[in-house]
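Naming follows writing order (A, B, C, D, E and F), and every chain is counted from residue 1.
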């Protein structure tokens, strides 16, 4: 259910009943020739819609600007600083507390946002202990990924515009994918990339980390549904604990 | 033309050709019983689409969180600080310079954002003089407004969920307006409201500042088109000066 | 009554009795050939003296440095940042609370200070709700101005070293005005000046926005007295409400 | 020569000729029963006037708010943070560079301001090496003080509202001193006061650190003239070096 | 070779010759009953000594305070903020550039420091591109760990006071380990711990994440030597590239 | 007693019993040809060990980076900003409060750190009044110094790598002193050095301010023991007052 489409006369009752707000957080970033710059926004937004349904929550409008340090020099990428991100997320969280929410889900579609999300969550945890804050980046997908993946991972934590992310897009936002342009581009990412500031132009010109031609809607479905199941379980658990505290 | 739907292989050429990026900036804020919380976002977004067409520019994804200090205690309002807003706008502006843009338009749908927009624009002006930055909040509409308005203004600079703004919505986003719920609520706003911090609950419980029942699509058209004309003239002027400098 | 001329043994009782502190805030800024750089300081200071008498308040020493971004490149202008201004005003406000004041009036003589004053006032409002904070920039003068003005306004909100401001100086600080040097210089200020960072050298070399030769002490008197009446009414109202709360 | 009394048409030439701006920095602070709260402002201001004459410099309007942590709980004291002070001083310094000044003198009347002045001076030194910045707090007075003082110092670096400071006031601003109220109050200030945050209410209720009844105009004259001589020598030296560099 | 034991007359030549500074960064944090609070400092320090020898570099004094949010409520833990850490690391890096170093290694012994180290490294990369910055947390140890580990990992990225870290201590700082007190404590760490702020007291009271009784010096040797080899290779590579640039 | 050598199971009881934590704060800074760069760290550390014994307190690991603005261009000096220092000291102080300490001693070995230490102490005083904070830089040594010193002081507050500091090192860390390299170098430091930013290269190339060849262990003993006695008295006094409050 879309938060910003509601009016101010009805929203109070809805907040009281649902208690949980889901904020899609993405980025504008180069994603190869076959995926749009807004890939991370689209994924976060579509996931948020589904998750809002599954958990009877309210979906907030997408925060579409993220920390894109690593790809900032690729065509089309727009990057904002950790400081900007932390501050705006904290302020949104404070507003949600004021409005009566007790669960705040940051549904993230861009790995580079994680440090800022985690910091903002900790600040809210310290200052507003009554608010449960989640930061989600495809949790609970390890098993599904190892099942569907045909190409080995190019990096322990990065995946980008590849078999995986393209599959997610085919499942959630197929109309924005141009599989005719999908390419296979498997870079060598050395150990040093984890130990020193390393803009991605050092090891890729396409920004595709793997074989996007192997992407399928079905692969996307398996990973995305696994992730939705994991997120749903956590939110419903939090709602239940909230309910119990209220009844106690 | 929607920026984030483009891919990284095509965008470089588009930026070079168009040179101007339009960022809709709005807010999530109480707008009475007949308009959605996202009214300012919807207006900014629809205006940006039109303006991008009129000026051959690229429309960025909407920044949907604004400074809503005055209405922060109204149901549904979400507010972020000036600091957060200034910082994220500045960072977006810097990214645009890096990507090759030379004109950055902040198309604002929410009056409370103006000080932050102006500050961010001045910071970019100081640090990146090669970037022309605009902050627009319905410029060039004075004449049209005085022509169409049937009720007197309740305040020198505020208008909100009233005859004017509801007319804008009827013209630009009619599907989100519920005229059956439109009300007339004309508050007395004393001189003191301009001289001391004054949350709006002091003078209104509806957040409607005027007579929304008098709103019409036609009134909206006249003001909005006047504003689009004024903005178009300024951007095309800037583009022309840019062109002249390049040729010189 | 001048605050800083009092001694520490007497001031406690005076604060208790008067309850209201008035801080003149000005700027050092180019004001044409006939007015001194300190015009905004002089106006704020003289107004504060009058207002302190009219409302039985204490006048603090003038904060003589303001935000002068627009005229910073004119000879003699000194500018401080919004951040500096906000922080020092906030700190002064906190000190006043600690000393027992319950009303804090920022009497401003320079338009460019308004965003900083408003921000500082909101921060104090949030953190010290027991302190009533006013930020005044010639409130309640609309009617008087439209009555006395002979030349049309060059801009919706700016007036500078012109018929108006020179008249204020003639009424409040005549000894600093050199009418022999007064000039008439009516710039064209386009719509763009409200939509993009626009240093004033873009449209004026004199920094006079109008016809200073038309200034008279009598015009000044009418506007200034209207403003003093409006400010006095607000402060006395606040004092009365304070009194009522104390008695309740 | 008073800077803010000049007009914008004449000031450019004056800056070019004089090259040095003197900023009095003071504080509003309890100074016992016989001296006004504005003592530090008055001393800084009067010294600045004299120093401007002696060195052919321009005297800026006084910055009358200082860091008064130690006496913030005494009646009448107003305190601003080091951060606010550093920032506003830095901004003033930057404006002076922009206006063409090459020597910036912070003439300080309040010991508590020294860390902020020193920090601001270092920041300006780093960012604007072409600007010579001085922070003066009665330099070169050691010999004169040891000659005129009749009571021993209560502390290695503090003096306050005592034989010394009262004498300075008698020499520079006699009209604000009420010697009939002068008292003798010699506190014991232990070693601990230099090693742990120690508000002055810990060791004095009068804020007088010594015997103010021994103050005389003649004592003040000797110390103040020694200080003026020392400051004058430094500024004239700086002017001379500037002149030499220009001629080279 | 210990940097701070050198004197100022010799150090210039040493910096020129060695070119690389190694900063051990650790933390003071609960590490169960058998390891000291300073475990992360000791490991970072000993590793730095070895690495300095292996790469002909200079070892700086240890920065012994780290970000310990997760265990801040455990007895003995001391935590500093990311902001403090980033700022001090950035300042140290700037000093190293000024002194002529061209390689700066942050040798980290505490996982919680990684976001701050990475941020500081990026800031230095942006502002001082001539400085190569590394942030190391046991790089290149995956193979060795999977070879020696007898108990499964309790978490994808955490290890703490367990079979692994205790082995590292036995190899590098045996005199601080009390194996008689070593315990086995294998907590269940749910998926939620990666998705919401989770102080460790939620899932452990010992702060031991595994079976410390299985630790041996030999296991430590294998992992630590693997890590030293990986770090040595990267630093020598960087030195070689530096040398090549200088010769070119 | 060394804090970081303790384990988390025992430390709680120790904190309760001892109540006081001593943090050595130093710097890495040029100290002439005969003393190491880490002189201020070594002095602070050794003093902290002694003081911990004398007062039954816990000695924390040394913070070895300080504000070295004045000597930042001397070979080997590393400098961090006041801001970094204040923030990390404040965070350490907050952690100590959380752990149950009630006395926090910053034992400083570097004069340039004093403003930061004082600021951090005041911030902790404001926010955590239950914590007694000391900042010590050789307190109570005036009498001893005037007794042992053979050469006059080159400056009212500076001493550096000279007869005094070298004597301290001979007494506390003799193994790091190379008296064969000790030199005599007595600079002229003019009044201006206290009134304008003055890097030390202006008046010395050795960074030795006096005659280091006159240093002896016995001189060091007299000053250091005087200082330890003064610090011990203050801490034991604070402990006693704490004890009394607990019993009351």
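Please note the rule applied: a contact is a pair of C-beta atoms (placed from the backbone, for glycine too) under 8 Å apart; a residue touches a chain by one contact, two chains touch by 3 or more.
The chain lineup, named per UniProt: A, B, C, D, E, F = Creatinine amidohydrolase.
Treat the numbers as computed from the prediction; the structure is a model and nothing was measured.
Asks: Equivalent interface to B-C, which of A-E, E-F or C-D, with over half of contact pairs matching by residue number?
Replies: Same contacts by residue number as B-C, out of A-E, E-F or C-D: A-E.
Asks: Cα superposition of chain D onto chain E: how big is the rotation, rounded to the nearest 5°?
Replies: 120
Asks: Round to the nearest whole Å and give the separation of the Cα centres of chain B and chain E.
Replies: Chain centres of chain B and chain E, defined by C-alpha means, are spaced 49 Å apart.
Asks: What whole-number Å value describes the gap between the mean CA coordinates of chain A and chain B?
Replies: Comparing mean C-alpha positions, chain B is 27 Å from chain A.
Asks: For chain B and chain F, what's the span in angstrom between their mean Cα positions?
Replies: 57
Asks: For chain C, write out the residues touching at least two other chains, lowest number first.
Replies: none
Asks: Name the shape of the chain contact graph, picking from line, ring, star, complete and other.
Replies: It is a ring, because the chains touch in a row that closes back on itself.
Asks: Could you spell out the chains in ring order, with the walk beginning at chain D and its first step landing on chain F?
Replies: Around the ring, beginning at chain D and stepping to chain F, we get D, F, E, A, B, C.
Asks: In their shared complex, at which residues does chain F touch chain E?
Replies: Those residues of chain F that touch chain E are 3-9, 11-12, 15, 28, 30-38, 41, 60-65, 72-81, 83-85, 87-88, 90-92, 95-96, 98-99, 176, 178, 181, 207.
Asks: Write out the stretch or stretches of chain C touching chain B in their complex.
Replies: 69, 82, 115, 118-119, 121-122, 125, 132-136, 139-140, 191-192, 194-197, 230, 234, 237
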